[in-house]
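Structures are listed in the sections that come next.
The same chain A turns up in both complexes below, where it pairs with chain B and then with chain C.
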Partner chain A sequence: MAVDAATGRTGGASATVHGSPRPDGADGAPSSDPDLRWVGRRVQRVEDPYLLAGRGVFLDDLEPRGTLHVAFVRATVAAAAISSVDVSPALSVPGVVAAFTSGDFGDIGLTAVLERPEFAVTEMPALARDRVRHVGEPVAVVVATSPYAAEDGTEAVLVDYDETPPVVGIDAALADGAPLVHAGVPGNLLLDVSLSFGDDIDACIESAAHVVEVEVSTGRITALPIEGRAFLAEFDERAARIVLHSSTQVPHLVRTGVAQALGLDESSVRVVVPDVGGGFGQKCVVAREELVAAALCRKLRRPVKWVEDRREGLTSGFQSREQRFALRGAFDVDGTLLAVEADICCDIGAYSCFPFSCGVEVLMAANELPGPYRLRRYRVRSRGVATNKVPIAPYRGVSRPQAVLAIERLMDVAAARIGIGPVEIRERNLVGDDEFPYRNVVGACYDAGSYREALATCAEALGYRRGEDPSRSPRPGGPLVGMGFACFVEPTAYGTASFGARKMSIVPGYEQATVRMDASGSVVVMVGTLSHGQGHATTYAQIVADHLGVELDRVRLVQGDTTAVPHGWGTFASRSLVAAGGALAKASDELAEQLRRIAGHVLEGTPADIELAHGRAYVRGTPTVGVAVGELARVAHHAANTLPPDLGRGLEVIARFDPEGTYSNATHGAVVEVDPETGSVAIRRYVVVEDCGVMVNPMIVDGQVSGGIVQGIGSALFEELVYDENGQPLSGSLMDYMVPTATDVPVIEIHHLETPTDRTPTGAKGMGEGGAIGAPAAILNAVNDALRGRGSVTRTPIRPSDVMTAIAVHDGSGRGAPMAVPTTDEGAT
Partner chain B sequence: MNPTTTVSMTVNGTEATVHVEPRHTLADVLRHDLGLTGTHVGCEHGICGACTVLVDGSAVRSCLMFAVQAEGRSVETVESLGTPDDLSPLQEACRTEHALQCGFCTPGFLMMLTAFLAERDAPTDEEIREVVASNLCRCTGYQGLLRAVRRVADERGAAGRRQPAQA
Partner chain C sequence: MKPPVFDYRRAASAEEAVGLLAELGDEAKLLAGGQSLVPMMNFRLARPTALVDIGRLDELRFVRNERGTLVVGALARHTDLEHPSDPHVLDGFSVLGRAARQIGHYVIRQSGTFGGSLAHADPAAEWCMVALLLDAEVGLLGPRGRRVVTAGDFFKGFLDTDLAPDEMLVDVRLSGAFPHAGFQEFARRHGDFAVVAAAAALSLEGDVVREARVVLGGVGGAAVRSAEAEDALRGREASPAAFAAAGEAAAGAIDPPADLQGTPAYRRQLASVLVRRALTEAVADGR
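After this line comes the complex of A and B, so read on.
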């Protein structure tokens, strides 16, 4: 297998290489002998047996003695002043213990802050006070001896609303004289950012050979973990603190949010996380309901539990992705992209989520639109618009699926205009292998990737035919078949520098890891990330076992308890394996050095000559002369008197890693068949070529890619949370909100390229979100390729009715004539 | 309190008698009255299938069945399958094929697929896809689940060919 000397990257499709960017040797790097390494192997997950046996412990499986159950009274209208709330009728419902409104807790809430002048600070109250701003907003809470009784109680609570006109969409929110969602936020603009990069943008666009305009928009969707949100709070009298069991991705952030809201020291709140049944971003923010649970347990001195039901999840759990992009791209005569001007609007809903704020979508959309392309001139306005809908929170990929949809649509429309193919136009604009590190137009510095090889590999796998006339007519009478591509770069594991640049008042990014070896030689690793399906107990153990030369089953993961693990930021934004994995590599490096020094003392050798492998320490070259790592651990703890004063006396290291940013890349390609009689879309083939650097466990990488792609297929074809003109949610069940099933998805063909990064101790880049990022664009482009000459779709989800409308509109307007409907983006300027 | 009624059923081979409100679902009674928390509740309206259990050998949504309807019947939950140290062939195949990530939907799939594999000796890929489409998984994209069922069927077929007397 060929390895590029400059980058250390292996070439060729389906490459799986156990490469380390660092040389093996006395610097503490693990052995490069593949037989001695766990990293790179498709190791079966250590998490699986107990989960498969139904022995997982999820939030609702916890039920301390005396637990009370919580149900929320939620707003039934989208915008209203609250005239009155009377919870007293609930108190006579059998089983109900108590009921409260906002004032009973001192009007607590969450306020996310971006320290930038374009940001409007608003508070998300835990329970509504004088106003409700979306259907589903919690207004009152009922506590009872069973969940059934608590729900009975909510039905007895009386709320009087004085309705005001709701603001239900982006256009309505931005209209002159629109009602205000927040009295203090003029124009309903929670954030309005204008950025410009490069000189003479207007002149460049005016003089360009081709100027192409596209508009795309994406429907509102939700992460929909199969386990909804859930919290159990109890008061630990001995420690005099709240213990909040939370189905969360971010235990320390929850601790901060709860402590701030309740006016407590962080040490007065302990957050403990059981098994988590999926999150995908919805659980990486602090929920109003968990503030209420924490406040309730303090007030009642009883355990209180809330478990979201699916209807609540669909109508009041955090949502995402309702965005609109208008792009103008200037191209050279040969298809070289010269400049992009973008106008982006994100429908934020009623509140900014804590702690990321609405900026998480608005800023990411603006900053990451340029993607993997060489672009030197870029101007963007990106707005976060308040509406009377459920607030948004990050969802896998956040704004990248939409930004990729926009720029990839631009590429396809431009290619057709210029008369070249979709692969050819991308080839002309992708950053080349010899240009890394590449500082892009907004200043992000891409580490080495395989942008062009990924595209070439994907195109070849799908049988793409170069030079075919892109304006060719559809085959008469045959099925409408189309092929579409999406190229993207995935910034992963934002460090403090990246989050700081957003001007968040709380800046996440670093991670700490403690690696502790006990007297028996077994290892415990403690991190602030929170595995909830990603298999960290396996992958982290692979990293640590390589460094310490121990077997995988000697390494255990401790996570999800703020009293047990170092401060960290949790699992989101494709950060865990990069940030915590990096800290773990550093910590275990240092612990390995301690073991080598102890071994040097015991074996009377030089520490630099000691090899750690297969659970033994031995002098390099003479494996028979050695000692078990467990014996070194015993000596370090139980016979420290035999060691020099600076050795042993415990074996524990903490290390930190703050990623500077590393960039995965991929090309997704889809072949779809569109039925012109029904408008239905079937995915015939799906190929992804991805490069996330060193793969610690390729099986888990494949699983993340596949899962992300199917979520992307859902948002491309099926999923949408629909609101009516009054702001009433219409998608309140899984019969209305369509999640893909096994019959909706193709076999996903995954190819790996492996360009290790020199920016992380492991050589790994993050990859948790990529699947979801590329799929909508690849599918939209494929559908439009299938519809060539018969119309186009510019919005996801692409419903059968959208396809039929596109065909009807095109037929009605006559072939070749400019289309006169607002959904078009084929018109030239 | 609301009136309760007495229900007797066989759960994982053991007689169980509970006193529950008539409105309590079988899922809630299995989980909260009998402590069998391996059965999970994902939607409470019969779509996601996380709560799937076997009633008299057939896969049912335990969120759509009242516990009182299980009177006199035999219920099997994920706890009736293999243990962490001794997984069933289907559980083992799910591990091999990375058919689970967070593991929340997994018990429902296991019960659905256990019933399916008991009925179908040699399922086609299309039949496998159809039955996997009964339930929702948000993590895996179903690829590993499809492979796992195929693997169990193939391994069983191979074993059957080696030992025809057992068929």
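After this line comes the complex of A and C, so read on.
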């Protein structure tokens, strides 16, 4: 669907193809044209019919005979020595079968390691031992015949805490003499990285025409998948191994984490994944609760199940994004960015998540701040600060939404100072089309993108230059109206080289894919990625079907069973379509070559002249001379005696792909209305122009972009996990933790640019996170544009009370007196 | 988020419900639509030993207009006032329809009840504010029979009412003395509990305010009438200036709490704006 040129408000999408033209079967219907391919079509998701009919099987749908239910006793205080735990009263609660503390499992835990001197190694115990470090930390576990009885049992467990002062925020944690979250980690600094790129940074800043300082901060939020975390562990006596059914994004990483924690061979743990109701990163790490479930099933020899409830999800599930950025940017007289100095602090909570560690936020914030801009001098200090809060884990975009918020705020403040517009200052600094591949200031090498065209298209769609958008002329007495932009580059599909550079002791990055054709010509693909909403059963099939010349419905996906699929790293970091898709393209290419050779033998032709399309192999140019692919498959399996010895005898290929990394880009633009009497913010228009290279399925790309933007709107305006000064969480239900609802989300106008990458076999770049990355910055900039001359906001979520505080601070009226005086940017007003 | 063990009984009449309450003791609770009680039980914030289910007492699910007095049965659902089956039943009371639309979400409005909302007495509840606004007479049934209390006497404070543990709210009568009414609330998202809500009702002689009711929600222990705002309006011309002054008077007289949604000062700002907007809406209502 093309965007209506007059209004741009269809909510559909337009596409501009860069490079060689590609046939466009946009209606999703198969065509008789042999040149038409599945890749690029808006194919309906093969997953949807059964999911929409309620026939999905999620973890809580599994209930083997004799299943016991698990509930955790969780810390009620943020920091304390545990003087005693007595689980025995729980044993007399009706329905309770057993109850345990850490020592009953040999004090198991998870230890994430970065092999770099600035990193402090700490262990996250599965169950607390002598100390608790955050409210919600699991302290003991109760096993019962129902989830009700298990929760009753947790109320009977007696825990004596000897409370110590908690550290609840970045400033408190960094203060002289602050209490230590971990006795062995001085200054509460789990990671403290200082990096410098380029020469003479100080001199450059000193002599610059304009030096602009900004501070932004972002509230703590959580991914909030519709299906919370959930695990079912059973012991397979015949295979003598644990079978852990896990609602996870990373089955093999879970296997590694559980095996390491329990001291087992990886072959003694089988991880199986049913349908998963979202993850967004929260499920790409290993949970304490799944270690306990695995240990319990071994101990009890009965299936045990734990399904996180929403209160647990909000108060003890992994969190993210609580960060603070102070930036100093030097600009020359016309707005060219010369140097950036940044000080970044990430409140990472009490522990390092496994296997990525707290460095996932700290390092990404530091390394990716420069974004899509030409910048040759950059100095950054980035710290991961331990506090008595729930640990962080990656969440869609990880540190990029915050880093983009910081640099995009810098751009707007600088533009206002210099006296140019927000689009003009970005145009002057974006990497140009003729500069790719572009090695950026920290050494990352960007493949070709469309940074400037994305900005120009977005500005055009919003009527920026024409100034003719009616929403730009506020009615007298009506709301204040503002427009804001955010430009960013999204590094996707890190390979082993990128992850290795972080110095992780476990280095993810490659993928393997097996493509197997059976005797009837059906195809099964087996991968280590884990689709949990991304539609891989559709997009992977599109890639494979094109290579093998078969119809889409002949290709099935197998994932989520460590005994059935090759080793792989799972689905996170916008990697699956690139990494597994790349491996699939290579494997199916090789399988296609085998089919052509068999066809050459059967048809007595030359394999190089054989075309595979629409389920047939035929001699190019002579479609009537051909054979069904299914017949080739039959011969390969059931009549292999008729083939030369090096042909047939099964049809199966495994291939590997280790991506070097590829870079998507986008510009987001928002128009907002601010009610100056209540402080409420309403988004009136939202335009995104994105470029993720070849779109295997543009409809799924649209879905990813839209979903990410909705989450970005949540972090920009609504969501925050608030803790009080004692470290008690105040956002323990969905009444207090506000996610956007349908009425809070505008029509999202998506425009696609398409610059294929030469770094992947498919030409596709990753794109799972971009929506969430751009939205907070675009919205914050739009709100500040609306408030121009009346104050500014520098923290997300932008609550209505914050807007009123900003106005009050600015005009000194005392109206809406501040809860805490916000930082006001130099030059912001 | 699983409730502790509780006993469950279903009543076939209001009298039986009251009898069961007496039999089961002070820790028994009535279950109507369950939109507040059940979540509180799942969080283990409420731990009744027994529930007496009155949700199927259809004889208490009604909305009637009796010669200018609106009578609402305790088990009328929110949706019965948002989308009344008789379009004229809310003649003179259209503010109830506007208030109903602010309550929760679709599913909540299908199940939640008018009487349950009053008995729960959340400080931001729309129906508690409307009851105060329109001088409600609240009908209660207990083992000693029926009694009627005014809304002003019914609400005691935060989640606190005049209901005895063995009494049941059965119906509510709303006065038709105020033909013009407005209801405004401010929430972060549609359907959330209001940060602050304001309701206003007027009787006019020409353009002059003869009598006024101004009620605020979300600003303290219970929904409250603002005598200060009402005094500021009485006898004055119904004008933007008078409405703004009433808003200022209302805001100046309250001592609202601080929480995640805002400071006391922010709530006063909202109160001032919302009272003014509710009065503006009221003047346009019924004309």
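As a convention for this text, the second predicted complex is superposed on the first by the 770 of 829 C-alpha atoms of A that agree within 3 Å, B and C clash if a C-alpha of one lies under 4 Å from a C-alpha of the other, contacts with A are read in each partner's own complex, and residues count from 1 in each chain.
Rule of thumb we're sticking to: a residue touches a chain if its C-beta (ideal position, glycine included) is under 8 Å from a C-beta of that chain, and two chains touch if they have at least 3 such contacts.
If you're wondering where the values come from, they're calculated on a predicted model, not measured in any experiment.
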Per the contact definition in the header, classify A:Gly533: touching chain B only (first), chain C only (second), both, or neither.
first
Which chain makes contact with more of the residues of chain A, chain B or else chain C?
B
After the superposition on A, what does A:Glu151 contact: first (chain B), second (chain C), both or neither?
second
Is A:Asp176 touching anything from chain B or chain C once the two structures are fitted on A? First, second, both or neither.
neither
Which holds for A:Arg310: it touches chain B only (first), chain C only (second), both, or neither?
both
A:Ser733 contacts which: chain B (first), chain C (second), both, neither?
both
In the overlay, answer first, second, both or neither for which of chain B and chain C A:Glu677 touches.
second
Just chain B (first), just chain C (second), both, or neither: which does A:Asp199 touch?
neither
Touch test for A:Thr743: chain B only (first), chain C only (second), both, or neither?
both
Shared contact residues on chain A for chain B and chain C?
148, 309-310, 733, 735, 741, 743-744
Under the stated contact criterion, what part of chain C meets chain A in this complex?
1-5, 39, 43-44, 186, 188-193, 195, 258, 260-263, 265-266, 269-270, 273
What part of chain A is in contact with chain C in the complex they form?
147-148, 151-152, 155, 309-312, 677-680, 718, 722, 730-731, 733, 735-736, 738, 740-741, 743-744, 799-801, 804-805, 814-819
Residue ranges of chain B touching chain A (in the complex, touch as defined):
1-2, 21, 23-24, 31-32, 36-45, 47-48, 50, 77-79, 81-85, 87, 91, 94-96, 98, 100-107, 110, 129-130, 132-146
Within their complex, chain A touches chain B through residues 44-45, 47-58, 60-61, 63, 94-95, 148, 223-228, 275-278, 280, 309-310, 532-535, 699-700, 702-703, 706-711, 733-735, 739, 741-745, 747-748, 771
